[in-house]
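Letters A, B, C, D and E mark the chains as written, and numbering starts fresh at 1 in each.
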Amino acid sequence: MSETTHSERTDTDSTIETTAGETIEQVQESWTDYKFQGEAKLTSEGLDVYYGDDHALKDVTIEIPEKSVTALIGPSGCGKSTFLRSLNRMNDRIRSARVDGSVQFDGKEIYQEGIDLVELRKRVGMVFQSPNPFPKSIHENITYGPRKHGDIETGLLARLLGRDDWDEAEELVEQSLRQAALWDEVADRLDDNALGLSGGQQQRLCIARCLSVDPEVILMDEPASALDPIATSKIEDLIHDLAEDYTVVIVTHNMQQAARISDQTAVFLTGGKLVEYDDTDKIFENPESQRVEDYITGKFG
Amino acid sequence: MSETTHSERTDTDSTIETTAGETIEQVQESWTDYKFQGEAKLTSEGLDVYYGDDHALKDVTIEIPEKSVTALIGPSGCGKSTFLRSLNRMNDRIRSARVDGSVQFDGKEIYQEGIDLVELRKRVGMVFQSPNPFPKSIHENITYGPRKHGDIETGLLARLLGRDDWDEAEELVEQSLRQAALWDEVADRLDDNALGLSGGQQQRLCIARCLSVDPEVILMDEPASALDPIATSKIEDLIHDLAEDYTVVIVTHNMQQAARISDQTAVFLTGGKLVEYDDTDKIFENPESQRVEDYITGKFG
Amino acid sequence: GGQSSSDGGSDGSSGGDETSDGSSDMTSDGSSDETSDDSGGGNSTELLDAEGSSTVYPIANKGSSYWNSNAPPSDGEYWGENDEGSVPGWDEIDTDMLLADYFASQFGFEPTEQRSEAPFQTTVGLSHSGTGCEAVVNGLVDIGNSSGPITAELGWSEEKRDNTVVDNVVGRDGQPVVVSKDVSDEGIDQLTGDQIRAIYQGEVDNWSDLDGVSYDQEIYVIGRAEGSGTDTSFRLNMLGDANASMEVDTRQGQNQQVAQLVSQNDGAIAYMALAFTSDQVLPIAIDFEGTVYEPDRNAEHTIYDSDYPLNRDLHMYTLIEEGNPNGGGRDRREAAFINMFLTEFGQTLFVEDNNYIPLPTSDLEEMQEAVNQVKP
Amino acid sequence: MASATESDLISGRTDSTEAVAGIAVGLAALLFALSLATFFDVVSVTGTLVGVPVVPLVGGLLILLGGAIITFGIGSYLGYVETTPSPTAGLVAAVAAAVPWFVAGVSVGSIMLGSGSAGGVVLGLVTGAVAFAATAFPREDLGSTLPIGALSILAGLVLLSGIIGPEWVWDLGWEQQASLTAGFVVPALTLATSLYVGWAAAKAYGGFGARGRHVGAYALVYVNALSIVAVLVILLAFTVFRGIPGLLTGAEIGLGVGPEVGLFGLSVQLPVSLPFVMNGVALLNDYQGVLPAIVGTFWLVIGAVLFAVPLGIGAAIFLTEYAERGRFTQAVEVATNGLWSTPSIVFGLFGFAFLIPRFGNGKSLLSGMLTLGFMLLPLVLITSREAMLSVPDEYRDASAALGVTKWQTIRSVVLPAALPGVVTGVILGVGRIAGETAPILLTMAGGTFVPGSQTVDVIGGFKFTATPPFVANPELLQATSALPYQLFALITAGVGLGDSVANPNDFRWATALILLVVVLSFYAIGIGARYYFRRKLQYE
Amino acid sequence: MTETTNEPGTGTGQRRIRQARRFVDRTETGALVTVSVMSTALLAALAGFLAVSSLTIAPFALFLITAGYGWLRHQELTARALTLAMTASTLLILGLIIVFIFQASMPVLSYESMRVFGVEVPGLRMFLETRWDAVSDPVRYSMVPMIHGTLVVTVIATVVAAPLGVAAALFLSEIAPPAVRDIVKPGVEILAGIPSIIYGFIGFTLLSPWASRQFQTTGQGTYLFVGIVVGLMALPTVVSVAEDALSSVPESMKSGSLAVGTTDWQTMTSITLPAAFSGVSAAVILGVGRAIGETMAATVMLRGVPRLTDPLINVFYGQETLTSLIARNYGEADGLQMDALFVAGTILFVTVLIISIGSQYIEWRMRKKLGGEV
């Protein structure tokens, strides 16, 4: 498989160059002087999302740099989650949803025929608003992804054939849990049901589960909204650390949180428009747009 | 039925006097120097609410002045809604809920045997977090309360007997809708289903419905949380106007909103405790307690 | 068996006789109405219902549909042929009344003089004899059709029978044994009584096991429901005892179903009633101790003969009730309706035309006399 | 931006490899269809198809199919075909492959060594185990193709070589004689094999691995859904097709051809005459019909609804609105669910023992109504309760907050909001009881061929009496017919309906059709109502 | 409202009594009297009906009158009392069913009693011997052949309905595009709506003769085809209950799986099905319950001879099931034979009741489990 795609790659590469060029121009139209350092990991260009007749996201064009934290903020219903879900095509799950425009991941268009959704979602992981561990043991939760991808075999058959990757799995579990700052709390009860963990622990477990498949991007949709302040601050620290290796995109309704943890911030306002996108400091100290300023100072929303 | 309660009232009056005396003492213990102008409309004293074994509200003592807006703020789960619902005994509807302590309305204890719940709730109206109009026409929504109380008769029988109060009903509908700042928008479609209105209109309809039974107090539990900014600001204006005739108690999770619209603010913190209660300006500019200050400046919550 | 009623151990209302007088039912005063009307001299015009034997069904049902149609005498459809001379029993009848009007008026009913509106309506339910006997005894219906004697059906003594019901015999059946087409095509058109007995007692199960038969095919032994008159008569007349044991592959509720099974399957043998034979359901000759009874009416010994061992009476039982005239076994509706079958007209049209055997004149006269006692 | 990982994102299988697997899937589908056609006697086992005898043709196709998928598997293993196989086909596939091989082994063993001998089972265990191992141990592309491909080839050879020819019969040698014949075994074998190979081919089409399994499973699930719909369509189409001639016997359209219908004193002559539904059975009719049974069914349903709906809704109100959720409501819930699943014949027995002695000691319309009412009650209760539970508590709170009493809230807010659910539930429930035979068999069944003049007239039957209970209705206390019972009676009465019905078979099928139409129209109305209400309430 | 005191006590009887007393104190006397008269009248009417008394009408009329009066004057309380009475009547019907069918099956149980270790066990012989013969001596009413028949039919039906039903439920809740779903779902419901007698009719006239020819059996009537037909009839039950269970698995769980890069099928097998396992098994169990109770198709397709097939696994012969025994014999049966039919009814009723309670228990556990997760 890898060989075939390899040969095809050249065609797509060429198209990307042009679209990428356009993208940057359009972004510059919107925020004349925002230039981040490093490579763009995800690029959306003229992205529109509809739910039935409802136009939820309008013409969003943005470049998200790699290995940094990008926060998406805005009032409720402005389309933050919609935008986030369009980055790993989780919107496909919603039957009424329809997507126009383009999103590129590492320069590859993800809204094209033949795209391997499984592979895409492996590489663009996601953590949800409320923790959603599987009703299985902690160990199984972490190894779930790799097992389904065939990277680790732990099944009965594999064990019978002496082919199981027990050690590898152990290692992976430990590593993922350490990265998610959960190892110390659960090391001695890996076989307990994950539903027995506290909310904050469950959310970190979900992050660990996401990390276990070694993604490149982690999308987080209000990951701390269901948590108490202590758990929240743990998650915030964790996100900060993750940005060293991963590209993190996080939706939050808490402006203080966005200010604390993100490198750049995109502000959506009602109607599904991306109104401003810049370094976080800039947005919070000196936004270009009056509406953004009103929003940030709590005049509405 | 009202006669029965009326005759009972005299007995209770005497008890109330003494409890009311105690109440004021306790309030002064908590906030040594908060004295508002005017009469107290609602007074709670040593109020505890339990949900099963869960102690949701702890020893809350507070006096709410009439014809003003009192805001209740605090982090999620701190018991704001619980407190609000205990003011018109809507907590009775939650099977696991148990209330200790006293709440007085116009000096009458509402947690006593023989209290007429129907009468109480008529006089202490309530507007809910998400708009909940009945799936009936706008007209029917407004006249629902008066009709059920027998103040207006519009039934088939009444019409046959020539006894229906059609004009009166029309008048009431117009008046309530005007008060709720909705008349202009719906005057020509009173017979449309209320579910066809927008969220903000629905919420104002609910306020109009509440006003139609001519209450003295209006309790509002995050009435704007499900609305967009424009609808929110309409509701806020409305609340401001209502305070001229009614006593308004409003729960909000939006501190800016509390600052904008309320005369006094009560801050609950996690655990169901009332931590501070004072003029709104005072609370937002110079709170007594460090925790309240942290909360208001967004350090947590 | 016995007379313990079908509502089992339900409660107070135990015996059929007791409930049927209506004293204990709650909302219904239907039956009490009826009895009081009768004893008061007037004639109830309630629906007359019959139930039971699938053998008697063709007779009763055809009669019932003639009755309900209450057609004028000019109408060929009920007079057999439209040509007056050929009407069977015309001399006897000689009337210009409508059909049901005529028969009913003899028992004191007012003629309606309306087509399709008989002085009282009749209906016939199809099940089998056991059900019919049960139903009439419990007062559920007016007439219980049975192709086996009620004594054998319900295990009664003759004395009990005489005290409880009267037996209206309306015709005869020469119970045939039939085989399916493939069997008769193999040339099997005659069996001995012993062979049939062997088949029905599970001693042979392949046609080729019979002497002189080379057809290698499992025998599909079809029986009638336990409690059906056809089954009871067959056990009684063929196997020697109403409670004789037998072994069959299938039992079907009604003769019609048996006929359908015989026509649908290979290797089948069945016992049934004459009315249901056809070119797919072929009666065979039976050799009883040297006498061969042929299925052909013109042969020397035939299954239509009264000495054919499987020959049986077809009954319409009615209950002896206090409310009936003279406390006898028939009320006037029952008598009027049954009387129709006892005329020459009825015997020809309802009995003989259904391939059954009309009653001999002497028996017929005896029956007529008994029924006519109810005339006002 | 490592090139290897990046290219994974876009699937890059060439059209030709997909085509090979695609052809195999198509071939399997063809064989599947062929086997069904054989079951339905559209194609005869002894006949020919495009000039070739059916059995060898099928055998050849099976061999071809088996060969194709084995070739694909080996091609993939050797790297000629672009796939992403897992290291093993997995436990499920291994068990799935072991089962048919076990059956094959047992059959071959039993035929050779005689059935019932241990030899067959031993052989089956061996072949099953080998198939299991051959699936489980090698890489997935081999494991999921070789054993199943071989099975297909084996089946094909058996058919092609004539070991199982069109006249093949295997007497099982049981006491009650039964045999397996080519007429059954050939299509059954083809059906099973084509499903298996189709599954394997679909996996191959998806390139094995997670995606392959996904495709394979989806193929089977789609076939299943399609088959269910097909069964439904065939059942309906067949009944309609067979029933139409009887239904339309003597039908006429035109002014003044129909019977007169009186409604509120007005008498109208219908412009349609459909004797089958407008007549009873009578000697003088030109065409016979089942009107009394239709009317009987109508009254049965009315009676059951009048009994069960108020009771069910009332109980649902008490349970949802008044009763504290606790042991009592739980007990009622268990009881209603128990009633819901009680077999209809038990309701019949109960009606027989309980109602019949209480209503004139005879089978009667009233007993039938109540028995069906007992059956309908739990259905109404359960659906009403669900509908009321799904009325948002906000409505109740809003009403309570306006100071409105509980019963007024129920009447004015809860019931209207629950109405769509209740109505839908009742209609569907009515559809179910309208088609029930067993309970009315024991409690109501009347005559088989009922004259039109005996059509029940419940309204006209009421009369007042001087003795308690002062009101009587003999029509209610008489047995009458209903469509399902009439059909049952027609089945048991078989042929020989007597002279009155010209074509008994048409008459029976037409009765079945009418019953189907009556019952399914309740369902159609119920399902339609649900869609309507859902659509209507959507703008919430 | 005196009924409140009659409600089943929950251990805190004292408190209940106090509550009731307070309730009585607080309620208007007029309303109390009305409701008391109403409920007494209703009870009297019930007693009269049970006793088959022609006076039943009097208390019933009184009930109607007081209820009407109460409705006009004390609607709140009357409505409450009436709905309580309606709830009670639901329980009453179940109770009556139990009493009547059990009571009716008593006599034959003592006839068929058997002595083991010196103890007389009623009805035991019905389950140890295999002979059913209501006519010739010795008359025996064994239930074994019918239990065998019911078992065989149910097993075959389950083999048909369970996998196909669960697969169809998966299809409907997880796979089908909305347009297809809108067709298939009502289709399945309509399948449930086809009256069983129509299945029986088609089975008797077409399937049975076909099977008889194919399997070269002696005559027609096979458990195999009855089982298949009954399975088809149980299918809709399985589909709709299983679909409910599958779609009640929270979307967040499914999304969680998809978001780590699994195929839809992997998500279904590894997350959705295990999470909904108890609900799906409840669906299958309910389907089994339906199959056990199916009557008419079996009645018209079977042979009607109560005996075991030979050998027991010979599904090509269909003798008799518990349901068809009743439907076929109720007419002419009397005395012990009738009681034996009630025994068959009792067996059916008890089995299905156990199944119903079992599946409710399973569903309850599933709800609890999923409720804990979300």
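Operating definition for what follows: a residue touches a chain if its C-beta (ideal position, glycine included) is under 8 Å from a C-beta of that chain, and two chains touch if they have at least 3 such contacts.
Chain labels with UniProt names: A, B = Phosphate ABC transporter ATP-binding protein; D = Phosphate transport system permease protein PstA; E = Phosphate transport system permease protein.
Note that the coordinates shown come from a computational prediction; the quantities given were computed from them, not determined experimentally.
Visitor: Quick check for the class: compute each chain's Cα centroid; which one is farthest from the centroid of chain A?
Guide: Relative to chain A, the chain with the farthest C-alpha centre is C.
Visitor: How many degrees of rotation carry the C-alpha atoms of chain A onto those of chain B, rounded to the nearest 5?
Guide: It is a rotation of 175 degrees, to the nearest 5.
Visitor: Can you name the chain that lies farthest from chain B, using the mean of each chain's Cα atoms as its centre?
Guide: The most distant chain relative to chain B turns out to be C.
Visitor: Considering only C-beta pairs in contact, identify the chain pair with the most of them.
Guide: Answer by contact count: the chains D-E.
Visitor: Rounded to a whole Å, what is the gap between the Cα centroids of chain C and chain D?
Guide: 40
Visitor: I'd like to verify one number: the distance from the centre of chain B to the centre of chain E, where each centre is the average of its C-alpha atoms, in whole angstrom.
Guide: 49
Visitor: Can you check how far apart chain D and chain E are, centre to centre, with Cα atoms defining each centre and the answer in Å?
Guide: Chain centres of chain D and chain E, defined by C-alpha means, are spaced 18 Å apart.
Visitor: Using mean CA coordinates as chain centres, what's the chain A-chain C distance in Å?
Guide: Going by mean C-alpha positions, chain A sits 85 Å from chain C.
Visitor: Any chance you could list the residues of chain D touching two or more other chains?
Guide: 177, 210-211, 352-354, 357-358, 405, 469, 491-492
Visitor: Among all residues of chain A, which ones touch two or more of the remaining chains?
Guide: 118-120, 123, 148-149
Visitor: Among all residues of chain E, which ones touch two or more of the remaining chains?
Guide: Chain E, residues with two or more chain partners: 49, 52, 54, 56-57, 100, 104, 218, 262-263, 266, 342.
Visitor: Any idea which chain A residues touch chain B in the complex?
Guide: 75, 77, 229, 254-256, 270, 298-301
Visitor: Please output the residues of chain D touching chain E within their complex, sorted ascending.
Guide: Per the touch definition, chain D meets chain E at residues 169, 171, 174-181, 183-184, 210-211, 213-214, 217-218, 220-222, 224-225, 227-229, 231-232, 235-236, 238-239, 310-312, 314-315, 317-319, 321-323, 326-328, 331-350, 352-354, 357-358, 374, 377-378, 381, 405-407, 410, 428, 431-432, 434-438, 441-442, 468-470, 484, 487-488, 491-492, 508, 512, 515-516, 519-520, 522-523, 527.
Visitor: What part of chain E is in contact with chain D in the complex they form?
Guide: 7-8, 10, 49, 52, 54-58, 75-76, 79-80, 82-87, 89-91, 93-94, 96-97, 100-101, 104, 164, 167-168, 170-172, 175-176, 180, 183-184, 186-198, 200-202, 204-205, 213-218, 232, 235, 262-266, 269, 286, 289-290, 292-296, 299-300, 309-311, 314, 316-317, 323, 326-327, 330, 341-342, 345, 348-349, 352-353, 355-357, 360
Visitor: Looking at the complex, which residues from chain D come into contact with chain C?
Guide: 177, 281-284, 352-354, 356-364, 366, 445-454, 465, 467, 469, 472, 474, 477-479, 489, 491-496, 498-500
Visitor: Which positions of chain A touch chain D when the two form their complex?
Guide: Chain A residues touching chain D: 1-9, 12, 105-108, 110, 112, 114-116, 118-120, 123, 148-150, 153, 155-158, 160-161, 163.
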